[in-house]
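So, here come the structures, one by one.
Look at the two complexes coming up: subunit A is in both, with subunit B in one and subunit C in the other.
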Partner chain A sequence: MTDVTLQNVRKEFDGVVAVKNIDLQIPDGAFVTVVGPSGCGKSTTLRLIAGLEQATDGTIQMGNQDVTGVEPKDRDVAMVFQNYALYPHMTARRNITFGMKSAGDFSDEEIDRQVEEATAVLDIDDLLDRKPGELSGGERQRVALGRALVRDPEVFLMDEPLSNLDAKLRIKMRAELAKLHSEFGTTTIYVTHDQTEALTLGDRVVVMNDGRIQQVDSPQRLYDYPETRFVAEFIGDPAMNMLSVDISRDGTEYEAVGPTFRIPLPEGDGLETAAGAKALLGVRPESLSVADSADRSSFAAEVTVTEPLGDSLLLECRTGDQEFKLHAEPRTAVEPGDRVALTVETERLHLFDPQTGEAIYHAAAAESSERSGVPAG
Partner chain B sequence: MSTREVYTDRLQAGVLLLPTMLVSLLFLYYPTVRAVGLSFYRASLARSDVFVGLENYRRLAGSGEYLRSVLISVLFATCVVVGVMAVALCVSFLIHEIEVGKGLYLVAVIWPYALPPAVAGLVFLFIAHPNIGIFTSYIEALGVDVNWFSNGPQAFVVVLIAAVWKQIGYNVIFMTAALGNIPDSLTETAELDGVSRTQRLLRVYVPIISPTLVFLVIMNTIYGFFGTFAMVDLMTKGGPAGATNILIYDLYRTAFQFYEFGFASAKSVVLFIAVGLLMYGQFRLSDRYAYYGG
Partner chain C sequence: MLGSLLTALTAAVERSQAAGRTTSERIRRFETEQLTLHVLAATVVFLIVLPVLIAALVSTKRAGIVTSIGDLVPGGHALSNYRRALIGLEFWRFMLNSFVMSVAVVVGKLIVSLLAALVIVYYRFPYKNAVFLFILFTLLLPVPVRFVPLYRLTTELGMGNTFFAITVPYLASATTVFILRQHFLSIPASLVETAKVDGVGPLRFLWSVLVPMSRAVLVGVSVIMFVYTWNQYLWPLVIINAENLQVAQVGLNLLRGQASTGEVAWSMVMTGSILTLLPPLALLMLFRRQLLETFTIQQK
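For the complex of A and B:
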């Protein structure tokens, strides 16, 4: 186990900048997920840590050692790939042991013992004599995990390891990965484009976009206090609604004013500077609800699409020329074309700068000390 | 196997197949049947054909010269297959690994294959000519007396090198294509695991591209027995003293220099059956050892 530190790391491919001078600290024993849309540089970042790509600039440290120019094999990392990367002509057992035997750092007894341990944990003892072609996707990924486990590396690197599995198996393997991590406690860096995986697995989640790190935080804080409009819209499904508003001030009372609505804003940092200017009001779909009767803080909207999800009714609505989504109670009697009155849970509002996209205000005051999901030691 | 009817109209399908079938019949199947038939006759240009039964085959079996030609052919073809594939595998691996100038190296390697065999033979004749060859003085500087016009083993080696040199390009095309199909993640896994380059080539790449290698073994065997005719003809004419007298050249001489068409036909039938059996054996072996997925 070790910690990993990236300092000012930059990677260019033929003039295209994939990773733009990022700084990242991954504590010893943490499970860090890196999430972002395709092409955001998350896989490149992982490959830089693995040594499969060389950084154009910046340094990568593991423990106290600078590993920036070090060969992949000397970094003591194990990687699990999206396509499993099993040698197709070798049995599962040989796939697991091939690397160890080739490297020559382990005695035969040691290898046998490690294989026994890892395969018992992963429940693949019976599959060891089969070739990858005779295994299902889930089994293959277990073998690939086994291969990574037996090497007992300092850092696990996982590049979308569950993306090729079907939905049900993915959820099962997700739970197993979490279990494995709590059992072995090896520092793990996990790249995914799936925000659910990122939030459920990571002690800390790194959100990347366009080669830059947008935010590094615990999953709940990422959801509650997005630092940028990108994070706000990327984390959460359906995405956070963004409404163009003007911030008006009346004494100590602030309001977000749109063409058809006035929403009161609870007092908080950032409002004073935002007052009188334009902003984007961020409202999560679950913070909006259909009101029984109109009152001062409610506003009217027209329903354009209804999507029954079972546990809720997703409504697409329009007010003025702005569109947004909300989760209504299931079995609410509304049809497209209906006009409804909506209320807002004002404690869950956010304001973003329309130009820079940075958060200027969160209605719920952030707790002063950040809860850290990273176990000590 | 799925049978899919592309043409619903059988007549249309037949008409489209006709040209190929005609050419095959005229230039492939008819000569084959004719050669087998001719092998039972004493046939030459001057006299009319006389049926002699198995006489030609009996003569072959008792000919020490022919037996020597068989041995030389087998040795030559084996050396060609092993030599070509060993060199081509190394070259393909290097080309596969290199990142800059890949296309340039590929073109350079494939170039000899693009030459007609006769031209390649001539080029090599001048490269390695005992008196005026471009490389000859360098090789002689190493203490070797280059005289392959009269030294049998040397002639064998020179023609072998020419044959290998000519065929490497063909092998490299297929091998680099096969190597290119191996997922990068396998290479990367091997790198992360600390698997050395040689191990990676021999333990990972070679098994995975084995179907391509089997195909190449067969193509190279055919080339070794039949495709090297022009080089032998241009460089050594089977000599000196029969040292490079491979079967295909031997039967050519029998037919077109000594005009013993019946005897030559018998030789070609034997060669056909021998190479056919060899192919069959190679296919059987490949089923056991080549990895075809699954």
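For the complex of A and C:
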């Protein structure tokens, strides 16, 4: 186990910048997930840590060692790939032991013991004599995990390891990965495009976009206190609604004013500077609800689409020229075309700068923001 | 919805009736087509095989002079002809030389090409594509084109009239490098990356991963290379003087020279020809599946 630190790391491919000067600190024994849309640089970041790509600029440290130019084999990392990367002509056992035997760091007894241990944990001990072609997707990924486990590396690197599995198996393997981590406690860096995976697995989630780190935080804080509009819209499904508003001030009272609504904003940091300017009001779909009767803070909207999800009813609505989604109570009697009155849970509102996308205000007072991914200074 | 479907169906039926095609008629048409195709294919195959067939027939006769169709009846001298060619005239020695030369060239080519393809696919170095293009460029300079300089080089090295002279010039093969490169590129990059992270060295990766994963391609390429080398005539004729080092294709000519009466002993020549055909034929039959696989990979 070891910690991993990236300082000002930059990667260019033929003039295209894939990773733009990122700083990231991964504590010893943490399970860190890196999430973002495709092309955001998350896989490149992982490959930089693995040593499969060399950084154009910046340094990568593991423990107290600078590993920036070090060969992958000398970094003591193990990597699990999306397509399992099993050698098709070797049995599962040979696949697991091939790397160990090549590295020559292990005695035969050690190898046998490690294989026995790892395969028992992964429940693949009876599959060892089969070739990858005779295994299902889930079994193959277990073998690939076994191969990583037996090497007992300092850091596990996982590049979308569950993406090729079907939905049910993915959820099952997700739970097993979490269990494995709590059992072995090895520092794990896990890249995924799936926010559910990122939130459920990571102690810490790194959100990346366009080669930059947008935010590093615990899953719940990422959801509750997004630092940028990108994070707000990327985390959560359906995405946070963004309504363009003007911030008006009346004494100590603030309001977000849209063409068809006025929503009071609880007092909080950032409101004073935002007053009198345009902003984007971020409202999660579950913070909106259909009101029984109209009152001061409610506003009217037209339902355009209804999607019954079973445990809730997803409504797509329009007010003025702005569209948004909300979770209504299941079995609410509304049809597309109906006009409904909506109320807002004002403690869960966010304001973002329309130009920069930076968060300027969260209605719920945040405990001191812990951007622990970025080293102090 | 249903209405439009019905209209479409009726239209289709009317169309097919207008064309006068009932089911039985269509079957008959299909059968005629098939028959024509088969006859055509059989004719073409017959034309291609005909010279070999005649050679085989002649090799069973005493003199082997064919002047009329009637001369193409199988003769009764097959056994004695083949025994005389192989043992009496020592044609086995030429065959053995050809075999050793071909095997050596195939093995050497595979080693050189595997290493070249490994470097071209898995290593990063400046002007990599230019290097590969240069290798492809050598396709424009096959051995016959290089005869004169190659001859000088070989003799000046003192290697004329040796086994070295008929093997080494054939070892570099752009075709094999190209085929292997294409195959390696079809192997997922994550396999080599896993190997890198696990500390598997390049030669071990080549031997334990790439070679087993390329078995069919290697066999296919080897068969092609074997047949190519086996059929070499001009270069061995030029560079080899010693009769005991000569290869089968040139040896055929020596069989003709054995005619004591001044006439060409055609039956002997044909016997030799059939004998030289056998090893490539056996290989092609044995490994036809891998050969086909090699070429389907090329089409991808």
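Here is the rule we go by: the second predicted complex is superposed on the first by the 367 of 377 C-alpha atoms of A that agree within 3 Å, B and C clash if a C-alpha of one lies under 4 Å from a C-alpha of the other, contacts with A are read in each partner's own complex, and residues count from 1 in each chain.
Convention: contacts are C-beta pairs under 8 Å (C-beta built on N, C-alpha and C of every residue); 3 or more make two chains touch, one makes a residue touch a chain.
Not measured: the values here are computed from a predicted model.
On the superposed subunit A, the positions of subunit B and subunit C overlap enough to count as a clash.
Legend: residue contacts after superposition of the two complexes on their common chain; A:Val121 is shown touching neither subunit B nor subunit C.
Once the two complexes are laid over each other on the shared chain, residue contacts for A:Phe98 go to subunit B and to subunit C alike. By the touch criterion stated above, A:Gly133 is placed in contact with subunit B alone, subunit C being left untouched. In the superposition on chain A, A:Pro88 makes contact with both subunit B and subunit C.
Once chain A of one complex is fitted onto chain A of the other, the partner contacts of A:Lys73 extend to both subunit B and subunit C. On subunit A, the surface touched by subunit B in one complex and the surface touched by subunit C in the other have residues 50-52, 71-74, 77-79, 81-83, 85, 87-89, 98-100, 102-103, 147, 151 in common. Those residues of subunit C lying in contact with subunit A across their complex are 188, 190-191, 193-201, 204, 208-209, 212-213. In the complex of the two chains, the subunit A residues touching subunit B come out as 50-52, 71-74, 77-79, 81-83, 85, 87-89, 98-100, 102-103, 105, 131, 133-134, 147, 151.
Interface residues of subunit B facing subunit A in the complex, by the touch rule stated above, are 183, 185-186, 188-196, 199, 203-204, 207-208, 210, 291, 293-294.
Interface residues of subunit A, counted against subunit C in their complex, comprise 50-52, 71-75, 77-79, 81-83, 85, 87-89, 98-100, 102-103, 147, 151.
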